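Would you mind keeping the following structure in view while I ask a few things?
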Amino acid sequence: MGELLVRGGRVVTGQGILEADVLVRDGLVAALGHGIVADGAEVLDATGMLVLPGAVDEHVHSREPGMTGKEDFSTMTRAAAAGGVTTVADMPNTVPPVDSAGRVADKGRDVASRAYVDYALFAALTDSNVAALEEIVGSGAIGFKAYMGPTTGGIGPPSDWSVLSALRFSRATGVPVFFHAENGPLIDGFSRELRDAGRSDPAAHSEARPPVSEEVEVARIARLAAAVGGGVRAHIAHVSTAGTLRILEENREFLSAEVCPHHLLFTVEDYAARGLTIKVNPPVRTAEHRDALWRGVRSGLISTLGSDHAPHAPEDKKGDVWGAASGIPGVQTILPFALDSALRGLMRVEDVPRLLSENPARILGIYPRKGALVPGADADLAVVDPRGRWVVREEDLFYKHPEVSPYIGMEFRGRIVYTVLRGEVIYRDGEIGGRPGGRWVTRGGAL
Amino acid sequence: MGELLVRGGRVVTGQGILEADVLVRDGLVAALGHGIVADGAEVLDATGMLVLPGAVDEHVHSREPGMTGKEDFSTMTRAAAAGGVTTVADMPNTVPPVDSAGRVADKGRDVASRAYVDYALFAALTDSNVAALEEIVGSGAIGFKAYMGPTTGGIGPPSDWSVLSALRFSRATGVPVFFHAENGPLIDGFSRELRDAGRSDPAAHSEARPPVSEEVEVARIARLAAAVGGGVRAHIAHVSTAGTLRILEENREFLSAEVCPHHLLFTVEDYAARGLTIKVNPPVRTAEHRDALWRGVRSGLISTLGSDHAPHAPEDKKGDVWGAASGIPGVQTILPFALDSALRGLMRVEDVPRLLSENPARILGIYPRKGALVPGADADLAVVDPRGRWVVREEDLFYKHPEVSPYIGMEFRGRIVYTVLRGEVIYRDGEIGGRPGGRWVTRGGAL
Amino acid sequence: MGELLVRGGRVVTGQGILEADVLVRDGLVAALGHGIVADGAEVLDATGMLVLPGAVDEHVHSREPGMTGKEDFSTMTRAAAAGGVTTVADMPNTVPPVDSAGRVADKGRDVASRAYVDYALFAALTDSNVAALEEIVGSGAIGFKAYMGPTTGGIGPPSDWSVLSALRFSRATGVPVFFHAENGPLIDGFSRELRDAGRSDPAAHSEARPPVSEEVEVARIARLAAAVGGGVRAHIAHVSTAGTLRILEENREFLSAEVCPHHLLFTVEDYAARGLTIKVNPPVRTAEHRDALWRGVRSGLISTLGSDHAPHAPEDKKGDVWGAASGIPGVQTILPFALDSALRGLMRVEDVPRLLSENPARILGIYPRKGALVPGADADLAVVDPRGRWVVREEDLFYKHPEVSPYIGMEFRGRIVYTVLRGEVIYRDGEIGGRPGGRWVTRGGAL
Amino acid sequence: MGELLVRGGRVVTGQGILEADVLVRDGLVAALGHGIVADGAEVLDATGMLVLPGAVDEHVHSREPGMTGKEDFSTMTRAAAAGGVTTVADMPNTVPPVDSAGRVADKGRDVASRAYVDYALFAALTDSNVAALEEIVGSGAIGFKAYMGPTTGGIGPPSDWSVLSALRFSRATGVPVFFHAENGPLIDGFSRELRDAGRSDPAAHSEARPPVSEEVEVARIARLAAAVGGGVRAHIAHVSTAGTLRILEENREFLSAEVCPHHLLFTVEDYAARGLTIKVNPPVRTAEHRDALWRGVRSGLISTLGSDHAPHAPEDKKGDVWGAASGIPGVQTILPFALDSALRGLMRVEDVPRLLSENPARILGIYPRKGALVPGADADLAVVDPRGRWVVREEDLFYKHPEVSPYIGMEFRGRIVYTVLRGEVIYRDGEIGGRPGGRWVTRGGAL
């Protein structure tokens, strides 16, 4: 493999923006700077472009194994590549769930041949496997996902003792525990009330999962994490309420949090135009909550962006509000969304790599191998034209079922021109190049 | 029934102390003041004495029905009378549990013939009866008790939805919900760890139920109560940790709290001298927690004192730390404890009726019929000699099994001289007078 | 002096409402109750009426000495009597200021002959008299007033050291320090900006004294009080902002607070209709602040109501927004306002005596002699017809300059029928009875 | 000027540690990476060394103009160079104070010939110059220093209005305002009390400036900054109390903070061994406060380290506790202290450039020209041997009066081997090289 020189661009990191060439050698960043001598290197002209570390989407659902009618590793990672995402972390609520060392190892090997970007794998946390966390990490799991409420695949919520045990393990090893924080009994109760009252409009979905159904779980996790002590890596996925942010604020030492693009974009007002395409868990909420989430993004209280890419077949999204599947595909639009938000002034450009590369990689324990644009790191890059525009069309999306995306028709400022994975250009102006070359990223691989 | 004039004493209420005679007519307080003309009235000389409203012990376990080997209504209420307690609220974790309208009605009628003081009855809150709360209150229940962890009688913890539903009912009606806030799975987990480590000393009991096992439940209740909104009557029984007080502080609008004498008196240091007599749930803790509880009492953050009178037979308290029963009898010592604390300066004398009469009666919804010493109220009085002393002897205690009391040998400042129930002197200088005359107090009876 | 029996009314205290007759003997409450035998007593029929302890207005400006063109002790106390106020505490920012033991003693003696109700006197706290606080209290001062910003009479703000010293004295003795919390330099700066910008509309007054000009002083006082420690009596007069309430919430142990009727009633919207009659310091604010004040009243965070009766002659209130005097007369309308608010459901009826009698008397150190309706207390009563209405007319107001009242034309529910001072009916249905009989109340007189 | 290649070291930034060579060209960092081709470049062998961005000491007192008996720009900047500090920000409390555009310009030109490292200049904020802030910044000031209490040079504290005005200016322009937060009247009062009580031991200095004397000012600044709104750059210098940290926590959006090495190292216990060498304002405090400061450093609540280098002549430090001068020289030991702390595990190695280079440069508005080790930045480096040790000797210190340093005799882990200023090696193994080449850094110079 020869050298690659990305020349003339503006390198964006969480620390700022600087004009610098990037020299890649052997799949790693060899040097950053001006006037770098690299005879014989392939040159990528990045004049006028932003050069970012490739995005690390810490929260995707490839639907493998078992639900490949909705999506598969190939379609998901092709979409990732097209979206400037060079590493994905795949969730374990599949059929069967990924909840043992064996299933982690099997999945890791199995999907390799279909991976267009690098990937890491989560294992589910259950009452049954809590004694085997070390073994599961040993077989390659990047972290654990705890479903506090009901989820796809029928994984039951771990008991408070299992959560506490997993958090102790996290504190001792640095392995993160991600939480889907919604309360099953409350959601069941509110849903029953609304159905009994004859409600079947889309907004009933949001009312059936009101803020308390999230916050009661976040409050519980906060207490357990605080009991375990500082240094624990308890990460709340897809936060969606102002009350959750207040709990985060009082427990900064013990909790971190992810927010999803759809909670920053959509509110209950959008059901009118977009219908059940935006049915998702936790649900979209009022503008007041959305504004609180933006404040959390800007203040640093929220540390990561994750897509919660949750694809479905069109038939799954059919039916009334109670029957349609929850979930929005988003791995291809997360970086465009983030860039667009920065270019509109909702956050700073430096926040894009901070939220979407550096912090996810840190939380997953793979920084600076991933998530950083520094000498020695994997040469994963997204090269973006900030003057470009992208009006999302169905045919642009590489998902198995692009038509269910609520982003179709939206315009994003900025345009992804190249995606580079360990020195190889895997996406170039609308085209995915070549064969799947993604690798499995495990904790052992951190620098 | 003739008139009774309590003459020459100092009346103590939550608002202050005043010199006043108390005239009783038809079982009610007729007048308070100086120079009240009452020809023909029986006179009780209270010169030099404090005259308090009779104590309302909001939290006792008579063990009826089903566990009368430990205690019964007769022994419990005789002890109450001797301790200046004129109303008790009895808990429902019995065999069978009091968890239906029928069982409330049955118990209310059944115990009447054995009651030496007035009594109110709690019903258990369960997933099965949450739809019947109105009916249960209609049959006479004063409120509900939710056992968030395991308890005597095998009542399972209500789901979050049931708790929320009960709190909505509370907000609409003013009926209180009391919470035993301990988390079963955490206690099981910690216990297993300690047993596996070979621990069998008394202090292992406290370590098996660390602060987080209480606080995680209090935090959850706080969120649910806040979701229901201001005006809800969520009352945390027997608070025992500094962390719980911080949660109370941030949720004053939604939560109130009870503390027990044993958590204000004993710490883990006392296991050495008192052994498993002080095994109780939640457990006694370190001096740091006890001191925080005292601050909560003085600042008003804690609004009631309750005995959590939980008697056992001596054989129940035998065995090692894991086998011995949890619970301390205390209905006879709660007012002496409170007076002693006031006379030692740990709180003000006015705090005694505030914590032990007025606030419990308010929370139970029976104020000012009970808990107040004002014209029109039931003439329930405790007349106390502040210069007296009581060194607790086994033979002074009216319990079925006085020997398990950890208070034996302790000295209290102050001495209860008379207890008056609706105008009748039911206790006089060590003697219970006459036959059981206690009546069932229900919400309908509030002024 | 014979006996007086107030018969058939409903006695309202902070603890509740009860049907009871009140027997008065020798100017004191002798008894409360039913069927009190009192042959030969004068009888006041209170059937259908509310009987409240007389109001204690902790914050009035009689303008004596030195500014009797605005008001004097006679007009002020006659208005008080007509308004159900039986004790007033008069502020020291007069000409000359009441800032020494001699001036307290002189004023106490001097005004006696013109006092229709009982009165207490504040002394100003200054850098010059901070070493003489004990002597000043010895001469009869009920407490100290610290003007943190500029005030009538040219009393300079005390230094932080003087405030700390006064708070230490307060903690040791229980003598309260009241604070007018506004910051002079900020007000000067904002005013200059607004004048330079050509503003002369009434709302400019509120903008010239924005929330920060109050809150920066409250925050400072909170720190100093916390450094002195629990038990200090630092009382913030006329709180007016939501931010102040947040500081109070975090410093409950160290601070208490008063609110004025005008801040609960008026907002900047009212300048349009009422003009500079509602010019007052601190100024009226937006509805958001007013609503926060009401929440503070209902939650108990605010413990007293005070009128800040600050009368002016009509010519003083003339001129543009920068020249007109600040201050609203209010001693006669404070109890009607409170009753009206309770009868409209903005607070409970029991809150009226709590906020306007009990708590002010406690803070001034004269409870339960004043502020309580219990045997042994001064027989100060306000008898009110809750079915009555009062549309305020200029000729109803006993002030020297009733025409400047912004309350003219407003309708209050409830009507004061009798005011009783130490057993004497001093106001009866619109008429002030007899000669001035008010007495000087000092700390020595507390029960 | 030729090229310089710093080869084989480990580059430390706030984001992590990476093995990389640093190529310098024209005084700027040209490239970072591996295998950089640079024929003809001078090579600095950094094998086994840490390569850090040069330290930016945001808080020094050169004592120029007017007090050169204590220190001067030459001695101060030579010490800086020897200590790995490549930029200093000099404070304005001199004789005369630097409080006008003219004096900034004069000082900036005057000291140039004596500066061995780059320098920035603060101007004092006073009531007199608050209208001229823009002009003062235009003449080269990097920011403003507000002395809330008395200081060297007799600069009076700015009024609340002046502070608010300066903070508005800060918000609009990004120019920082640094605060010396101590309250004069409180310190005077406490001092008088202690002197009157006959105290003259060193610890009396700490008692004369108790936590409240700092916190009351921090609380005031917090309120004013919050009133101005988010984005303001209010920076509290030398924080020293646990209470200050709580205020910072509640006002993260509005305040940032600096801590000094001496507050992290010394406590009142150290007066016994070190006497008045550690007399400093604010004073050293108890271990409880010091531990809270360390927690603030680790959690990120405190964002910068500054030396508050405040040199004196030995005769100034003589006399009793009331007469001796306050201040500790520290510009040469601040980076060694930080490295030592990291190598002992009190913080992470990455925290050193974060606290001592990146964040100070950001706050001063000169990042990433200064404080960053990225292509395009000034090539200011400190090259450190982490295996070395430095036992501080008087003869090692380049101050005018090294003998007053309390650090003499202390051992620091790590040893500074080279200091590089804009590509020139200005310090090499104990020797300052060549002539003063420091340049004046103003805001205009930011990238």
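Lettered A, B, C and D in written order, each chain numbered from 1.
Heads up, the rule we're going with is that a residue touches a chain if its C-beta (ideal position, glycine included) is under 8 Å from a C-beta of that chain, and two chains touch if they have at least 3 such contacts.
Just so we're on the same page, UniProt names per chain: A, B, C, D = Dihydroorotase.
What you see is a predicted model, and the numbers here were worked out from it, not measured in a lab.
**Student:** Just how many steps, at minimum, does a route from chain B to chain D need if it may pass only between touching chains?
**Tutor:** Shortest path length, in steps: 2.
**Student:** If you take the mean of the Cα atoms for each chain, which one ends up farthest from chain A?
**Tutor:** If we average the C-alpha coordinates per chain, C ends up farthest from chain A.
**Student:** Centroid of chain C to centroid of chain D, CA atoms only: how many Å?
**Tutor:** For chain C versus chain D, the centre distance works out to 52 Å.
**Student:** Hey, how far is the Cα centre of chain A from the one of chain C, in Å?
**Tutor:** The mean C-alpha positions of chain A and chain C differ by 60 Å.
**Student:** Quick check: how many Å separate the C-alpha centres of chain B and chain C?
**Tutor:** Roughly 40 Å separates the two chain centres.
**Student:** List, in ascending order, every residue of chain C touching at least 2 other chains.
**Tutor:** none
**Student:** Under the stated contact criterion, what part of chain D meets chain C in this complex?
**Tutor:** Checking each residue of chain D against chain C gives 159-162, 164-165, 183, 185-186, 188-189, 210-212, 215-216, 219-220, 222-224, 226-227.
**Student:** Going by the contact rule at the top, pick out the chain B residues touching chain C in the complex.
**Tutor:** Residue list for chain B touching chain C: 13-16, 18-20, 23, 25, 29-37, 252-253, 299, 358, 367-368, 372, 374-376.
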